[in-house]
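Just so it is clear, A, B and C label the chains in written order, and each chain counts residues from 1 on its own.
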Amino acid sequence: MKIPEQIKRLGAVLGAVIAVVLLLRLVILPADMFSAKPHQAAKVVREMAKPPHYAGMTRCRECHADIYETKYAGHHRNIGCENCHGAAAEHAAAPASTKPPLPTEREFCYTCHAFDPSRPNGFPQISPTEHNPGKKCIRCHDPHDPVPPVTPSECSACHGTIVQAKAASSHATVECTTCHQVAEQHFVDPHSALPTKPRDREFCGQCHGKDATEVAAPKVDMTSHGSAYKCWDCHYPHAPEMKR
Amino acid sequence: MMNIAVDPGLVEQLAHQLSQVVGFIYPNEVEIQWAILIVVYPYITGIVAGAFILASLVKVFNVVEVQPIYRLALLTALAFMLIAGMPLNLHLGHPERSYEIFFTPQPTSAMAMFGFVYLWYLTAVLLVEVWFEYRVHFIQMAERTKGFVGGIYRVLSLFSSDVSPEAIAFDKKASKFVTVIGIPSAFLLHGYVGFIFGSIKANPWWSSVLMPIVFLMSAIVSGIAMVMIVYTVLNLVRKQKIDMVCLNKIGLFLLVAIIVDFALEALDQIHRIYQAEESIHILGELVSGRLFTSLVIVQLLIGMAVPLVLLVIARMQRIGDDLRRLLYFSSALLLQIGIFSMRWNVVIGGQLYSKSFRGLMEYKMEITGIESLMMALVLLALPFIILTFLVKVLPTEKAH
Amino acid sequence: MNKRDFLKGAALAIPAAGLLQTLTRVAEGEDLSTAATMTGDYDATQHWYGMGVDIDKCIGCNRCVEACKTENNVPQEPFFFRTWIERYTIKADGEVTVACVSTQPARGEETPPVDPDVLRTFFVPKLCNQCANPPCVQVCPVGATFQSVDGVVLVDETRCIGCRYCIQACPYGARYLNPETHTADKCTFCYHRITKGLQPACVEVCPTQARIFGDFKDEASRLERFERMNQISVLKPDMNTRPKVRYAHLDGEVR
């Protein structure tokens, strides 16, 4: 049977299109246009070749070993030099050509040390308006060895959130040291000498038991009230309020 | 330390959008990634698929009442199809690289399939279908006209000359065959857009098995309604009588399509509300707040409920043909608004809430520029300009 | 159409199939090397990078964000981030408030007060999780974003067409469109640093060692210890992205 003219015409168009496509694909255009893989490989090479802007602490040590050793012995040991002095790879490559900035303003230290309740418990913080306002931090604290000139006597230096919560609570007049025995060492190297915590219910009974008549505090019958538990299983000691 | 110079227009837009954020968003979410152009695209391809499905009712399902609009529906589909790729290309960060979708398509990406589905539908379905439909016309025009224009007609006929009854019968058979292939192709053309959204597990407003189906059904609604509009306007301009039997039949299909579309969209939302997954809270805030006007007022009320009522009234026996035509036309226009806003509510709506489920963003549409209101209006006008040219040059009354 | 015509048509299928076969053979035979495994002395197959983040240590200083922007030329404007810090505040009545520290102006003199109703409050650093099953790579239409052999998801800025599909697909909001190159961009684990034995910039500057970087293939590494000594969580595990950024002490309210 003869092929209808329409099929011949459409077939010719289709054939021409296929021919052009094949020509482009197999002959004219380079093979790497049809695969992503060689380009991905080239991208990896390109990415690896990018120059770093941060040199890294160990690089700074090569020329500034004395400062590095000082810092390594103190509280700022884990802070990269470039955290405060900015990216210094260019300086490391050509020290004379560019000097990293030396931040001296008070506001610079606020980034880490201004009081913020979301920071973890135990992190040293100050109130910018109360702690030597107007004075540069570096006048008293060497940034490479920031040990305070005077050992902090207040627990609020590192435990501000707890201190503030306690100050607004019914335990406001209870000193931290009433419940926690703190060795001198704790103020110098906190993690090496942790303060003690009360071990048993009877400790709280010293103020809150029915027998503790000389202390002005709410009283409970220590033998029956929550007798299976420690007091702080239910009452947050730093804000022991009962109802909202 | 070098700072990249960011386009000040973009900075202004993003600064405004950042100031309108409620709650918490991931910081990169302040920029709405898929904006007005990505709303325009599914609207346009939806009309392509819908108009084609309407035409297929004649060829495949032998609904003879709708025969008068067969050619017009085809031309409508073609006019919109020619523009469909433009919003996508304009939206790209690098339109000059868009050929990469053809050269190195990644098989795991639904978007990679777009290029091939689009090409397949444009060539193997629409152009072939149009060719079979108008081949005899091209041959006749080639004989009648001389010179350059005559040459164009000869090329359009692909240099065929057979107008015998057998050839014409073959045209009809082939046309039917292409339409049969065309229906699932149309489903694929628009269904895959729904799949692109529906398969993004990161976004619970989009992630739904029903998304491709919902997109397709709303496409059918918009396509049928568009053909209704074009048919009415064309006959008005040509001062010709509208075939009321045809229009009534289209109205019936439109009514059924709206009901099915609404049922599916309602099912999608009911299911979402019933399951009440974690995202339900922020989505509830979204729908009752930033998306309320465009979803409840524009899409549901103005864009679906009112046209549905108008259609039901239009199908009543006792009203006159003039009123009936007016009701059909108004309903079809409102449906366009409704389906467009459905695209908006899906595309933009899905980007107005944070994936942290804790915040809401805003989209400030630019008036001018590439991704802008002006560009959207131009892109929406272009298919009509093309269609005007097509109906001037090609006959729209039925031949066979 | 009768049987003879059908068979004639079918006969055409044979050369067509042959053509297809030839094409496939040609495609396979072409020397298109797979992703780079060896570049100079660096053998990517020996590494599978990851990061550990300890929520208990983050002080929310935002230095990591600044360092990242410096190291990687990320625009300074607060709309584009490869990494950022979130602040969570959880009250006794269950209300959770989250804020982005990195988009807010620099800390001034005033200090936020302590709210007695707050049960927990902490900072969460976020970054690209360099997922082992990355949805962003899955949806890229042209293969411009890909996972390197050593586990870092990179974007080829010379081939990305800027369609933004990957940005939509990321459940973590880690990606953005670079306003200069108009291509997708994100954290690369400072690939150019880690392949030279350096730490990513964010890890380098973190003052409290809240971020640690490591190699899952390295038995003796900080990451190995981190995974051994902590209960590990990842963000949005239900998305099955298998993130390689591991969190210790991550609160259940973090999304």
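Everything below uses one rule, namely that contacts are C-beta pairs under 8 Å (C-beta built on N, C-alpha and C of every residue); 3 or more make two chains touch, one makes a residue touch a chain.
Keep in mind the model is a prediction, meaning the values are calculated, not measured.
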Any chance you could check whether A-B or A-C wins on number of contacting C-beta pairs? A-C
Central chain of the complex, centres being mean CA coordinates: C
Subunit B-subunit C separation of Cα centroids, rounded to whole Å: 35
Distance between the centres, which are taken as Cα means, of subunit B and subunit A, whole angstrom: 50
Express in whole angstrom the distance between the two chain centres, defined as the mean CA positions of subunit A and subunit C. 20
Among all residues of subunit B, which ones touch two or more of the remaining chains? 1, 104, 106
Note: subunit C residues in touch with at least two other chains are 70, 142-144, 159
I need the residues of subunit A touching at least two other chains; which ones are they? 34-36, 53, 86-87
How about subunit C: which of its residues touch subunit A in the complex? 2, 4-5, 23, 26-27, 30-36, 39, 42, 44, 56-63, 67, 70-71, 87-89, 92, 106-118, 121-123, 142-144, 146, 148, 154, 156-159, 188, 190-193, 195-196, 198-199, 201, 204-209
Would you mind writing out the residues of subunit C in touch with subunit B in their complex? 70, 73-81, 84, 86, 96-100, 102-103, 126, 135, 138-144, 159-165, 167-183, 239, 255
Given the complex with subunit C, which residues does subunit B contribute to the contact? 1-7, 10-11, 14-15, 18, 23-31, 33-34, 91-95, 97-98, 100-101, 104-106, 108-112, 114, 196, 200-203, 351, 354-359
Tell me, which parts of subunit A touch subunit B in their complex? 4-6, 9-10, 12-13, 33-36, 53, 86-87
Contacting residues of subunit A [partner subunit C, same complex]: 1, 22, 25-26, 31-32, 34-45, 47-54, 56-57, 76, 78-80, 82-83, 86-87, 107, 110-112, 114-120, 123, 127-129, 160-161, 164-165, 168-169, 239, 241, 244
